[in-house]
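Chain naming follows the written order as A, B, C and D, and within any one chain the residues start at number 1.
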Amino acid sequence: MELDSLYQEVILEHYKRPQNKGLLPNQTVQVHHVNTSCGDEITLNLKLTNGVISEISWDGVGCSISQASTSVVSELLKGKSSDAALSVIETFQAMLQSKGSDRGDESILEDGVAFAGVAKFPARVKCALLGWMATKDAISQSLALTGNNAKKEQK
Amino acid sequence: MNYFDVSAVQADFPILGRQIRGNNRLVYLDSGATSQKPNSVLDAERDFYTQHNAAAHRGAHQLAEEATELFESARERVAAFIGSKVDEVVFTKSATESINLVAYSFGNAEQGSRFHIEAGDRIVVSEMEHHANLIPWQELARRTGAELVWLSVSDDGRLDLTNAESIINSKTKVVALTHQSNVLGTINPVNEISKFARRVGAFFVLDACQSVPHYAVNVKELDVDFIAFSGHKMLGPTGVGVLWGRQELLDEMPPFLTGGSMIETVTMQSATYLPAPKRFEAGVPNMAQAVGLGAAIDYLNRIGLEKIHQHEVQLTKACLERLSQIPQLKIVGPSDMELRGGVVSFTLDGVHPHDLGQALDQYGIAVRTGHHCAWPLMKRFKVVATTRASFYLYNDLADVDALVSGVERARDYFLGR
Amino acid sequence: MNYFDVSAVQADFPILGRQIRGNNRLVYLDSGATSQKPNSVLDAERDFYTQHNAAAHRGAHQLAEEATELFESARERVAAFIGSKVDEVVFTKSATESINLVAYSFGNAEQGSRFHIEAGDRIVVSEMEHHANLIPWQELARRTGAELVWLSVSDDGRLDLTNAESIINSKTKVVALTHQSNVLGTINPVNEISKFARRVGAFFVLDACQSVPHYAVNVKELDVDFIAFSGHKMLGPTGVGVLWGRQELLDEMPPFLTGGSMIETVTMQSATYLPAPKRFEAGVPNMAQAVGLGAAIDYLNRIGLEKIHQHEVQLTKACLERLSQIPQLKIVGPSDMELRGGVVSFTLDGVHPHDLGQALDQYGIAVRTGHHCAWPLMKRFKVVATTRASFYLYNDLADVDALVSGVERARDYFLGR
Amino acid sequence: MELDSLYQEVILEHYKRPQNKGLLPNQTVQVHHVNTSCGDEITLNLKLTNGVISEISWDGVGCSISQASTSVVSELLKGKSSDAALSVIETFQAMLQSKGSDRGDESILEDGVAFAGVAKFPARVKCALLGWMATKDAISQSLALTGNNAKKEQK
């Protein structure tokens, strides 16, 4: 049954028990993303310490796909360098935009491969990407910020 | 009870034979977004292209004459359908364009014109508007400095009219309101509200997108100045909408889109404009789409709007009754059939509308999920989104059954694990 | 010489089998006003309605997904056809709307925006513009207080560029020009003129209605900012047009029509808008028409625009040569094929274009007579009207023969008595 | 041949030798009408003397139908009272808008019945009506003007 191929056990698990949900203070940046086609919203705090993501926390409302996917990305990228994280995000994005041809590399994406099936439902791709795009945005903003700070210190 | 032969109607809509996600029968409950099209509409468009296609109003050769005649006869059909004069019917590309037309035309009116809007003036909308009848007014307010205020919505999904008199005050130039909410199904008491507008001399713009396709709307009986609706929601083609306006207003309003076929005389420096409806139909018009809309109206008339309405009331009533037996389900909107159309929005505790819609789709049931282009209304009801089923003449009680059991199955799928 | 199998092409257009005024073969020489449609375009529209119809970008069910995919794939086709990025293609209802969109969007830009236009600024057009590329700029000038000035036309139907540098001066914010005159057939040297615009930082809007259907137009090779064209003149359905704009401009410009599907977030007071192209596509779009336009582009690509152009050049050349042998006849426009498309306007001494057109129609020949929505150009050439024949891929030399002998017959009819 | 049914001999005669063409001075009113679909223009001078049309003269450019038709109306209505003239115009208009079913009453319309065939060509109806509508307009304006004068005199 195709519904199961979309809603893998892993996804429903993360949906019921989302990781890192609840905003932590002391973030480097906070971002707020909205899925304009359905109104789902997410707020995400990210802390970058010496180029490494030391914390991701988030809150928001959304469907199982967007909630689970945000839970997965927040687990997966914690402890990774910003470069490594951005590359993982790229891998995930490529899988989602492959229309189903790319089943995802489990060694890189771990639980994230559960979302491979979403790629066949174009209207849901944005749900699966919501948390990931928020994270990507947060990393870029953090880098810009710490880069700026670095520059300021040089002056 | 059958008001007409529903299965004969279904046979006129080829798409209803489609199989969805495997071999599920298509249960199409998204006519509030766009309706399906009967063969006769598609045939009328094709006949236009293969027999009569030429630029209407722009040539004297036989095809141009025929194209003009067909285009204008579509206008006559629309006029008869809403009880208006022929020249009061303006063809646009959509209800969205129709409403923007009025907003921009008012914005174009020079000081001294009765359509002119400026700082200090007020524009009144409601909290249940579709974005199409909200944002054009926000933008007009922004451009002119006018103030945008609104009627709010009560918990049972009705307009709160307790302070209507102070909201629609003497500064009010425009009241823009939906006839029927595309989310709640609520039908607004138009003539009651227009009294407030009349008292202060405000223009009344009615968004009739969700009413004209479903029950008889007669502009002679409505005390309003403009109505807007879309062809694609009433069995017609995409790419055609209608603005109806009182003749004396349309003839006096400044043009909106400018270009060919709407001019009287033109020099390099300036132009004078034809009377309505031509004044508002710049360019080679959407002829085939207007002709298709004419055929759609013929189809609706053949069945009869009164019967269509009763049929939809019957389905909606059954749907409301059955859905409210699902404990986790909450109807968003009026729960009875008093002043209510065939649109049913709901939420299901613990299951996000997107997930519910996905599961229903898997069973072949097409519903709309999301904010339904009525974001402020979602906030009003403190929901991110709802699931919406909307009915039309080709739906039947089997579709209601499919929906209800689909919702139960989906609930068990997501909550049962 | 045959560049492609013209009779096979003719067989794809059912309307060409029509008989006119009795049993005359239809000789359709009015493609400049609107083109005829091949079966494949009508089939694509019908397939959309009978298999995939639903509101694109507004639902998650299977039909909505398919409708979205088909609509967006039409956009990809248009983009490939003109060599642009996909997101630079905005679907409108017509070229007229496309041009109005730019004019209104500029008019909506607040002070400080690079699109803002105010008193003291200048808008430059030409004397050969179609009303669709003249009146929107007159109106923008009127609303903002900007000055409207124009390039004039020389006796041989070319733009007079001798004083272009002083006309397109440093105050100039917009230059709006036609790629090819719909009356004269003149093709303007776009990149030569856009140099004047670039020098002073003005935006360049190109009316490509008469070029895109007939020869390859690649926005990477044109040094312009916007191009506008209509689907119905290029084998596509009525009710669909295109605005192409440079991405960085479209993304920064204020919206024009507002409503559903173009918003990011909405409160009762204000809204934020999606990036282009969605920002400019409010409402349920003209999906079937966009899909039909995609099929029209497939058809044109199958024949090849280069071949279509050469075919038209051949017909136009023959037509010019043969018509100029009629002593009473004067060509209005360039008499050679240098920078010239398949449109031939003329007058016949002593016979009014309306009468000539009527006689030709009686023989089955459809031409356009009148001012061709280019009234100032008529005054420039001191004529009330002209007769215009315009060619497309389904015309052949027999059509040229029919026209020429038809003109001779009509002349004898009116002048011989 | 249908072309002859449109271009009756009478029409081509009037076209070649238009009556009352060339504007006379001393009109009660002058009107200027344009056929917006083709650009044809007409200027018409009308003189109303004691409620009777004493002179109509006109000038303009246009097709054979509009020129001939203006020539016919200018002949036909000269000498008629404004009421009688308006009623003749109404008869002509009805014929033109009948789509060919009304062949026209020759005792009223005289040469005007030659335009009965035009009614079958919707795009040309405006051509045939141009001069007639201009005359109608001129009569109304003249009446308003002389009415006003009458009122002024009463004061």
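What we mean here is this: a contact is a pair of C-beta atoms (placed from the backbone, for glycine too) under 8 Å apart; a residue touches a chain by one contact, two chains touch by 3 or more.
None of these values were measured; they are calculated from a predicted model.
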**OP:** Return the chains common to the contact lists of chain A and chain C.
**Re:** B
Subject >> For chain B paired with chain C, centre-to-centre distance based on mean C-alpha positions, whole Å >> reply: 31
Subject >> chain A-chain B separation of Cα centroids, rounded to whole Å >> reply: 38
Original post:
In angstrom, rounded to a whole number, how far apart do the mean CA points of chain A and chain D lie?
Top reply: 78
**OP:** Indicate the residues of chain D shared as contacts by at least two other chains.
**Re:** 37, 121, 124
**OP:** Please set out, as single numbers or ranges, the residues of chain C touching at least two other chains.
**Re:** 21, 58-60, 64, 263, 265, 354, 358, 369-370, 375
Original post:
Which chain pairs here would you call touching?
Top reply: A-B, A-C, B-C, B-D, C-D
Original post:
Which residues, counting only chain B, touch chain C once they are in their complex?
Top reply: 14-15, 18, 20-21, 26, 28, 30, 33-34, 36-37, 42, 45-46, 49-55, 58-64, 93-97, 99-100, 104, 108, 125, 127, 130-136, 138-139, 142-143, 148, 150, 230, 232, 237-240, 255, 257-261, 263, 265-271, 282-289, 354, 357-358, 360-361, 365-370, 373, 375-376, 379
Original post:
How about chain A: which of its residues touch chain C in the complex?
Top reply: 34, 36-37, 121-124
Subject >> Residues of chain D defined as touching chain C within the complex >> reply: 1-3, 6-7, 12, 37-41, 61-66, 121, 124, 127
Subject >> Of chain B, residues touching chain A in the complex >> reply: 21-22, 352-355, 358-359, 362, 369-371, 375, 378, 384-385, 413-414, 417
Subject >> Residues of chain C defined as touching chain A within the complex >> reply: 57-60, 64-65, 68-69, 263-265, 274
